[in-house]
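Naming follows writing order (A, B, C and D), and every chain is counted from residue 1.
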Amino acid sequence: MTTLTETLQEIVVANRILAREDVVDAFGHISVRHPANPDHYLMARSRSPELVTMGDIMEFRLTGEIVGDDDRKPYAERHIHGAIFERRPDVYSVVHNHSHAIIPFGVTQTPLRPLMHVTGVIGKRVPVWDIEDNFGGTSLLVTNMDQGRDLAKKMGDARVVLMRGHGCAIAAESIKAAALTAVYTQVNAKLQLQAMPLGDVKYLSAEEIELTPETLVGPLAMERAWEFFARRAIDGEF
Amino acid sequence: MTTLTETLQEIVVANRILAREDVVDAFGHISVRHPANPDHYLMARSRSPELVTMGDIMEFRLTGEIVGDDDRKPYAERHIHGAIFERRPDVYSVVHNHSHAIIPFGVTQTPLRPLMHVTGVIGKRVPVWDIEDNFGGTSLLVTNMDQGRDLAKKMGDARVVLMRGHGCAIAAESIKAAALTAVYTQVNAKLQLQAMPLGDVKYLSAEEIELTPETLVGPLAMERAWEFFARRAIDGEF
Amino acid sequence: MTTLTETLQEIVVANRILAREDVVDAFGHISVRHPANPDHYLMARSRSPELVTMGDIMEFRLTGEIVGDDDRKPYAERHIHGAIFERRPDVYSVVHNHSHAIIPFGVTQTPLRPLMHVTGVIGKRVPVWDIEDNFGGTSLLVTNMDQGRDLAKKMGDARVVLMRGHGCAIAAESIKAAALTAVYTQVNAKLQLQAMPLGDVKYLSAEEIELTPETLVGPLAMERAWEFFARRAIDGEF
Amino acid sequence: MTTLTETLQEIVVANRILAREDVVDAFGHISVRHPANPDHYLMARSRSPELVTMGDIMEFRLTGEIVGDDDRKPYAERHIHGAIFERRPDVYSVVHNHSHAIIPFGVTQTPLRPLMHVTGVIGKRVPVWDIEDNFGGTSLLVTNMDQGRDLAKKMGDARVVLMRGHGCAIAAESIKAAALTAVYTQVNAKLQLQAMPLGDVKYLSAEEIELTPETLVGPLAMERAWEFFARRAIDGEF
């Protein structure tokens, strides 16, 4: 069974990977359910992901309250995470990011769709949540549980949900799967931007979308990819 | 109250950040009002921003004359800064840059418009100033106060003004806000270039443009972003 | 004559070059026929190319069985290599990669065609193999010899074959030629993506495609290019 | 007056700058007239530009013969340089490169035109030379003086000439001007590729093209830009 220390180490590496791959910049975050208590989750205090260390991790209830005597500043948008954990018992880790490549798919009518085996993990349907629909004019930030729950509802059982003019949220069964799915969601967005001007695109079939996730988050592929991205993030450029 | 030394340190960091993020290359500059004298401003001598140190900072009157016994070469285009400070008492820091991503919006009829929460800071209206309109054939450089004032007038109360075939000027209430606005103006330009081929773009609403600046230059977001970009600029690649 | 040690050194350098030029990321591989036994080939165990060292190289029969007492995990997709070696006695080295630039040409009807002298090496015809045609719904991975042979048949006597929604395979007469062809296939894909929006493209003529390969894989050009890419891959950024 | 040693140092720095800015990769070269003998020119032996040192520089007659007892391998395409020096007494330095951004303008009917002050240096007219017009099917390399002279004739009095499916040649009055013009020709190509999809582009006027070169190769701008690019090329990333 995963210990708390292993989980903390993994979440720090995941923060670094997301920073190194430009999935996050000054903003964005990744969380994980507490390994001993599924009603709590762990996430860094409010700072940029590539600066996060084990000592920065805080503990939260799903409704966002800080656990313990911890007066550090949390991320204002932590309700994205809590609301998804609340609705989706199958989810163990959540990423929120502003990856530049995916923004265009949230502000236009073009759906994000997988076109490559290692991006099949993003699934058949990537819904777009527009905060304006139910909350009117806002700063676009998700700052309370009502907004978080509305986002989680739009996400449904998908692995990726886009947030109009803001970014996306990604839900997966492990820290590694969440981080790699975030990286390859960005890859698919870039590929779709490049491919669409060339003509009609052949996307993955429904059957391929069932079968391809193993090529990224299956046991063999995931360890190889994790080793690659972790080395690159932590050792710097080769 | 901010001391002169703190201001000088901050302006050097801002120069490095703009260089690291490719907002400036060999050309471009950032200035700040003198903290003890709002009729003077501080800016580096004529050299590329990523090479600027505290010892390179010179002091100018708003009309561009060098203050003190300083025979170093100033930037020829310092009048962009002086003219904006002169017209806009609310402005404490000005950036001029040639960011490649924003050039296309100055030479075509496509307006630059915010489409993401952290770029709402660029405002409802980004005017385009064409030096040819009032000055005919030139080298496109702003080399005197007449040209600077004409630019400042076109800018009006906006935060960003594009300069046709040249670059842009950015005005903000602090060095940090000016530098971050310059970085995210570039981000918005890249996103717009990517999104437009996908179909009609949903830009931020007027109300969102009122509410989103806090997500970049509000007290919490700004410190986090500044920490991120400063570390990246000064420590090199992670 | 090339010794085994020289071959092993060269295949490690080739792995690093492909990683440094972003032709491969966590996935992708390069193989070489055994210099003393053309019915065997050499390729790394299952790990990301930029992490490969001489000790990681394993030996295989063309049909994919591991030679010797070696219980390390091989690449699941090694049959791409074996099947091409089996069909093409002229081929000494094979690359499989997921280069992002080439993916769009596998999922649309736009053929990849050489438009520059150093990319003439990709040849007159770059076929596209779609695993769905003969194998229906799959994970898109080539996991057995039937699939590998179907791919090799589609490749025919070409140097490059695209794999729909997956990547490509490249076959050449030496490790250096295979690696450089992989790099410049990616260059051509990028150039074509850029050039097509500007209007009708003048591609290389049939005669030019005969004559230009010497500009990349001719004896003089190849050594210069190899020195460049090897130094860049092994010494890091200049 | 410039000494031979100063010239050799400058040509080495220019080689490094062109490599650092990705104007050249494994291929491409820069030459300079011999400071004491305008009928000779200096250029590296055949190796990739970022590896060039002072000891690699060879001396040639304008017609391409090696001067002195030097049996090292010269660039096959040195006739590009000799033919331009022969036709253009005003030219002191020549660059040949395969910059990816400019290739699309050589293979389509879209002319490369300056749209920004610092790129005004590329001039009113950038001709495109197609080797096929007078030499039929070739490897596209310029391998003899007849081909070099045909290219120089097409160039006429321009500063930049594109070579279809191959790259470009750049001629200027100094090493620094040649290198910086090569860098900003690439910048203009990138900007034009970005701007054209946004609608009609306002290019520089004829008068602006007369006046803007001082913003890059005028005495003040050129030294600042040279300091920037040289530091970046030699010290590595900041």
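Convention: a contact is a pair of C-beta atoms (placed from the backbone, for glycine too) under 8 Å apart; a residue touches a chain by one contact, two chains touch by 3 or more.
None of the values given here were measured: they were computed from a predicted structure.
Q: Same or different for chain B and chain D, where same means more than half of the interface numbers show up on both copies?
A: Under half shared, hence different.
Q: Name the chain whose C-alpha centroid is most distant from the C-alpha centroid of chain A.
A: Taking each chain's C-alpha mean as its centre, the farthest from chain A is D.
Q: Go ahead and note the Å separation of the Cα centroids belonging to chain B and chain C.
A: Computed value for the inter-centroid distance: 46 Å.
Q: Roughly how many whole angstrom separate the Cα centroids of chain A and chain B?
A: 32
Q: Considering chain C alone, which of its residues make contact with at least two other chains?
A: Only 197, 237 qualify.
Q: Output every touching chain pair, sorted by label.
A: Touch list across chains, by label: A-B, A-C, B-D, C-D.
Q: Across the complex, what residues on chain A touch chain C?
A: 115-118, 120, 187, 190-191, 194-195, 197-205, 207-208, 210-212, 214-215, 220-221, 224-225, 227-229, 231, 237-238
Q: Sort out for me which residues of chain B touch chain D in the complex.
A: Counting only chain B, the residues touching chain D are 16, 19-20, 25-27, 46-48, 50-51, 73, 76, 98, 100-101, 103-105, 107-110, 130, 132, 136-141, 164-166, 193, 196-197, 233, 236-237.
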